[in-house]
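What follows is subunit A paired twice: with subunit B in the first complex and subunit C in the second.
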Partner chain A sequence: MDLFATIVVDGLIYAGWLFIVSVGLTLVFGVLNILNIAHGSLYAIGAYASASLVGAYFAAGGDAFPYGSYAALILAAVLVAVVLGPLLERGLLKYFYGRDEVLNVLVTYAVFLILEDVMKLIWGVNPYFVYEPYTLLGDVEIGPLFYVGYDFAVIAAAIIVGLAVWLTLNRTQIGKVVLAVIHDAEMSQTMGVNVQRIYLGAFTAGAFLAALGGALTAPMISVTPGLGANVIIVAFAVVIIGGLGSVPGAAIGALMVGISRAASVHLLPEAELFIVYFVMAIVLVFRPEGLFAKTKARKI
Partner chain B sequence: MRYVLFLYAAIAFVVLAAGSIILPDWAMFLFAMALAKGLVCLGIVAMMRGGVVSFGQGLYYCIGAYTATLAANMWGLSDIFLLTLLSSAVCLIVGVIFGPMLATYRGIFFAMLTLALSMVLYGTLSKMSVLGGSDGLNIAPPTFLGWAPEGRDLQTALYIYVVAIVVIAGTLMRIYFDSEQGLITLATRDNELRVEYLGASVRKVMAYNYIFAAVLGGLGGTIAVLALGHVDPEFAFWTTSGEFVFVAILAGYMSVPAVFVAAIILEVVRSFSNLYFPNTWQLSLGIFLLIVIVTLPNGLGSLLSRRKGGKT
Partner chain C sequence: MKKTGIYGALSAVGLAAGLAGSAAAQEDTFKIGIITFLSGQAAESFGVPALNGGKLLIDMMNKGDALPAPYNTKGFGGMNIEYVVVDEAGGATKQVQEFRNLVQREEVDAVLGYVSSGDCLAVPPVADELKAFTILYDCGTPRVFEDGKFEYVFRTAAHATMDNISLARYLKSRNFDVPTYAGLNQDYAFGQDSWADFTASMTQIYPDAVIKTALFPKFGAGQYGTEISALLREKPALVHSSNWGGDLQGFLIQATARGLDKRSQLVLSAGDHVIPQLQDKMPDGIFLGARGVNGLAAYARGGELKELTDTMWDAYEAEYGVFPVQAPFRMWQALFGLKTAVEKAMADNGGKKPNDEELVAAMKGLEWDAPSGHIEMALADGHQAIQPNAIGTTKWNADAGKMELVDVEYYAARCVNPPEGTKAADWIAQGFPGAECD
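What follows is the complex of A and B.
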């Protein structure tokens, strides 16, 4: 029973983190039709930026009010999104809309390679540690198990992010416009929607979510180069499982991957590294386009 | 027409093999690695002709390399011909298992599934301490039908061997590309549904392409591990596969020689940026990749065919 509870709690924590990273990826794919490998770089940059910013916060006397470091985390993600989102979308990606999907993956792969080195140039290759925000929330006791409170804050953040994205898309005017663009960009354009601006907004929002994922993770790990390469592949698996472009799909995908990974860690540790892809392969065998994919008419 | 092709193949062999006389040691190693990787990329191009791109060709590159290494370490097998034969046979079997299953997937889903398979292998190998875990394994230099060369002789022999394999594989793939199956592949790229309605089995064609690519991947992996003397799970990591896709995109799907030219270009660009910008070689590679995508969206091969008057 304890083992079961451990698996569920660990799985939920992992799923929460995964969801924050994946929902941005699926949003960008849904609107721009680009599977963004550079999402992993944005994640890593978010982690670095927050490590720097939180470090600076405590260096500037933040000890007096340590909870302010959470604001620093989120501010870091906003900064990354505001700087890099428009830069990448306006500066590069807009020239590739409507091109072959796989070619676009390659474009973002190139961006990924470039950003990997840019990160090393800015932050060097030594690890960064910002443990303060992690220990601030104390411990949580569930039966015989102890957890760090911060882990549950990540789950809460994931739920807030999920609700925010879902409500924005389905309950606001701007969200309806975004859905219209996802459905048919050309038709929306003729109806007077500024599609370019929607693309820019969606990409920046995606970048923010990636950076937020990184920023929230930074206190839990040591921030080192190569962080993005592992994250992006797992996030891919999540959005593919859920169906590309689907927000509920990303949530289900994150849960499936999170729980199965936690189960594997506790029951079959050898399988930890590939259980994610295994789950994805199984889902794709039965649902070739993912769980929540929209059916498309084939053109002859 | 066919004997013109053989003539070209013979010329290609002579020109490439001449490299063994004029190239310095470091360049010969670089070319051998580039050609070995080119074989893997040729497999990706075979699939690309049908409109699908595998993001996990490192799977076969890695299987080929590990098969050769294990055969050498466990059974003392060192003959390069036997090693090559064995690893391509293993890759053939794996390809036959997965090929028909993957043949129904397209676009991003095909890319992600192939990626998943290679990452499963990566994960497994990293955790298996019997196979060296993430440190990998070493392999002794190969022998050639009982002849065990050393130093420059070994390099030359290995280089000539990879050139021969490249020319043979390239010629065979050209013949395949021009065959009925190969042309159906091209038609599938344009419009899959139409091909189905005309009575051809797209699924069968895709499975064949995948299987050929698997064998080519195994060949490339075997030669690469023999040239390097070492294999580790990174062979199956997604960034390795990403490089193969990069070469395939750089080459385009129209020309076979372009694949190897592209592989050599990548290897040269990488070595030189490694040398001159040791901290920013990924950055240079990324910029190079972007330039290629912008200026040559159909790859190097499109330059050749444009000169021939648009014949593809």
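What follows is the complex of A and C.
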């Protein structure tokens, strides 16, 4: 397997994970116009919830059918979204719609800090493991290298998530309504659209995607406090490259970050951290609004 | 007026009595300010186990008869030990403020703390400014006393240089062939310093070994797929890592799933603390350090410290349901050292509670025994400890259902620590002159 192919495979694996983590962030911004820093916490809670649920699954005799643990991973993400999505959106964020964007960033940052402590209260500081799903799918041999089958399952999950979000927005009735709200919320409301419900649905969907990212990551790591902080930074880089609010942009951004990072690790390891933000800076020089965000006239 | 006068007199008497009682109580107790990570990534690996070990040992010391000689006397010289705990999370600026609070408001008799090297570099100047007796119990950077000189500050654990010198010596003693090697270390001071110490030691011990790649994923990266591909492609004979905590656990889970441990020898300079979490998911055959004769290496050692080690080991397992790893061992050696220093100072001052200056005089150049071995304050004019170290090989005992350390090699303190007056990096670069190895 030559170096180029290794870089592409490694880049795709990383990009798949990155896209799942980022697409919810860009969806929430696109609909609610909120840069949700608490997205990182929802990711971490997804990881904790899946670790707990999969652990409970195996403790309840799940060894007889270990593949059921994948359903537990997804169920964990659903539970997190159903509980925390409405709680945060209805209980807090709706009071800040129409306010300054910076204020919304500060509000979600406060939520991020609160949820970090909530996680410690619920799960403590000790790590959680659920590595069973990680090894269930066996190995994939590509040239002289072994990859874990689960890594390719994450790529598949990213493609499914991307298609589902894109098709929902562009090929369904509800998607058209959401796009109308994105385009002009006030006008949509005058046309009879229940904008509050769209906001609730979009935020809950974003929460699900964040939690799904955490849930799918949990089997390959040890779930420990502080998980969300590292993720939100790189997710921001992805959505800024792609353009805030753009689903295809998140996909392209994830691919650019994934491939460039993989190339750096293999060819110039010292630049691994630098390369992600270098790519972001280059994109912003030529497209300050990101690759796929449409330039809009500002409302006065 | 008269009434007020009587009340005033009574109040004054009461206040005086209270102050006298308070003063007497202060003379009967020795108050320690303990600072360690209770939150953040280092809490699970280092902070919480260390605090658990510290609380356990203080309780045992206060009982007076729970420990073998010479530690079978109550508290510190008969004084009951009290403690207040502060979370180390929040960065060096916050810790400097917390340190002032402990000394000036809480009026602790000694401060004992700091896992983070950044905190260990920030606090000593303030300790000297406040003339507050302070023990650094855990952090690894050699810079504290190599770049600075402090009167009231002591570090009771060896600095991190010995971790990687010991690994290189272990490879040689096992006749391990190292034509090539690589590293994966966290991208911050400890990871960078550990790799520098390891490569410098390898240059001396394996001068022909070639570095294939040096990877520094960011702290808390979690995802190591690309790095593992790079290591698999490069096929080094061994992979060195000083990773710890969740980063090490994540790396091991992903590396073993892709067979890295079968292609390259994994050597981990500080990795013992992930065994309780990973259990049989920790691969067999890893060359493992614990930043001292700590954890499984101490348990396997036997010898004259066996009774003390077993006493602490059994008590910790009974209390917390898990065996003690490196962090509680470092806390124990600090507390045993503090007890020895306080009692030495009291022997010198006629049995009174010692002040900071008397503690400093007693601690300088002190030697004492701990479960991690014989500790000597041999460097930095008696302010920096040296201690023995050990490296072993992991082996899962399926029958007992627990991880064991086999083929353990123990290194004398003066074999893996530089002599007084020599910087660690210089000592390695010069080929370890004066090293006293068996």
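Quick note on the criterion: the second predicted complex is superposed on the first by the 296 of 300 C-alpha atoms of A that agree within 3 Å, B and C clash if a C-alpha of one lies under 4 Å from a C-alpha of the other, contacts with A are read in each partner's own complex, and residues count from 1 in each chain.
The rule is simple: contacts are C-beta pairs under 8 Å (C-beta built on N, C-alpha and C of every residue); 3 or more make two chains touch, one makes a residue touch a chain.
Computed from a predicted structure; not experimentally measured.
Enquirer: Given the touch rule stated above, what does A:270 touch, subunit B (first), subunit C (second), both, or neither?
Expert: The answer is both, since A:270 touches subunit B and subunit C.
Enquirer: In the overlay, answer first, second, both or neither for which of subunit B and subunit C A:229 touches.
Expert: Both partners.
Enquirer: Of the two partner chains, subunit B (first) and subunit C (second), which one does A:98 touch, if any: first, second, both, or neither?
Expert: neither
Enquirer: So, does A:109 touch the first partner subunit B, the second partner subunit C, both, or neither?
Expert: Only subunit B is touched by A:109; subunit C is not.
Enquirer: First (subunit B), second (subunit C), both or neither: which does A:138 touch?
Expert: neither
Enquirer: With both complexes superposed on chain A, which partner does A:126 reach: first (subunit B), second (subunit C), both or neither?
Expert: After superposition on chain A, A:126 lies in contact with subunit C alone.
Enquirer: So in the superposed three-chain picture, is A:61 touching just subunit B, just subunit C, both, or none of them (first/second/both/neither)?
Expert: Neither partner.
Enquirer: Applying the touch criterion given at the start, work out whether A:217 contacts subunit B, subunit C, both or neither, answering first, second, both or neither.
Expert: In the superposed model, A:217 contacts subunit C only, not subunit B.
Enquirer: Output the subunit A positions appearing in both contact lists, the one against subunit B and the one against subunit C.
Expert: On subunit A, the residues that contact subunit B in one structure and subunit C in the other are 120, 229, 270, 272-273.
Enquirer: Would you mind writing out the residues of subunit C in touch with subunit A in their complex?
Expert: Contacts found on subunit C: 38-41, 43-44, 48, 187, 213-218, 220-223, 225-227, 229-230, 232-233, 245-246, 249-250, 253-254, 257-259, 277-278, 281.
Enquirer: If you look only at subunit A, which of its residues touch subunit B in the complex?
Expert: 35, 92, 95, 99, 101-103, 105-107, 109-114, 116-118, 120-121, 229, 233, 236-237, 240, 244, 270-274, 276-278, 280-281, 284-285, 288-289, 298-300
Enquirer: Over in the complex, which subunit B residues touch subunit A? Could you list them?
Expert: Subunit B reaches subunit A through residues 53, 55, 101, 104-105, 107-109, 111-113, 115-117, 119-124, 126-128, 191, 193-194, 197, 238-239, 242, 245-246, 249, 279-283, 285-287, 289-290, 293-294, 297.
Enquirer: Considering only the defined contacts, which subunit A positions touch subunit C in the complex?
Expert: 3, 6, 9-11, 13-14, 17, 120, 125-127, 129, 131, 134-135, 139, 144-148, 151, 217, 220-227, 229-231, 261-262, 265-266, 269-270, 272-273
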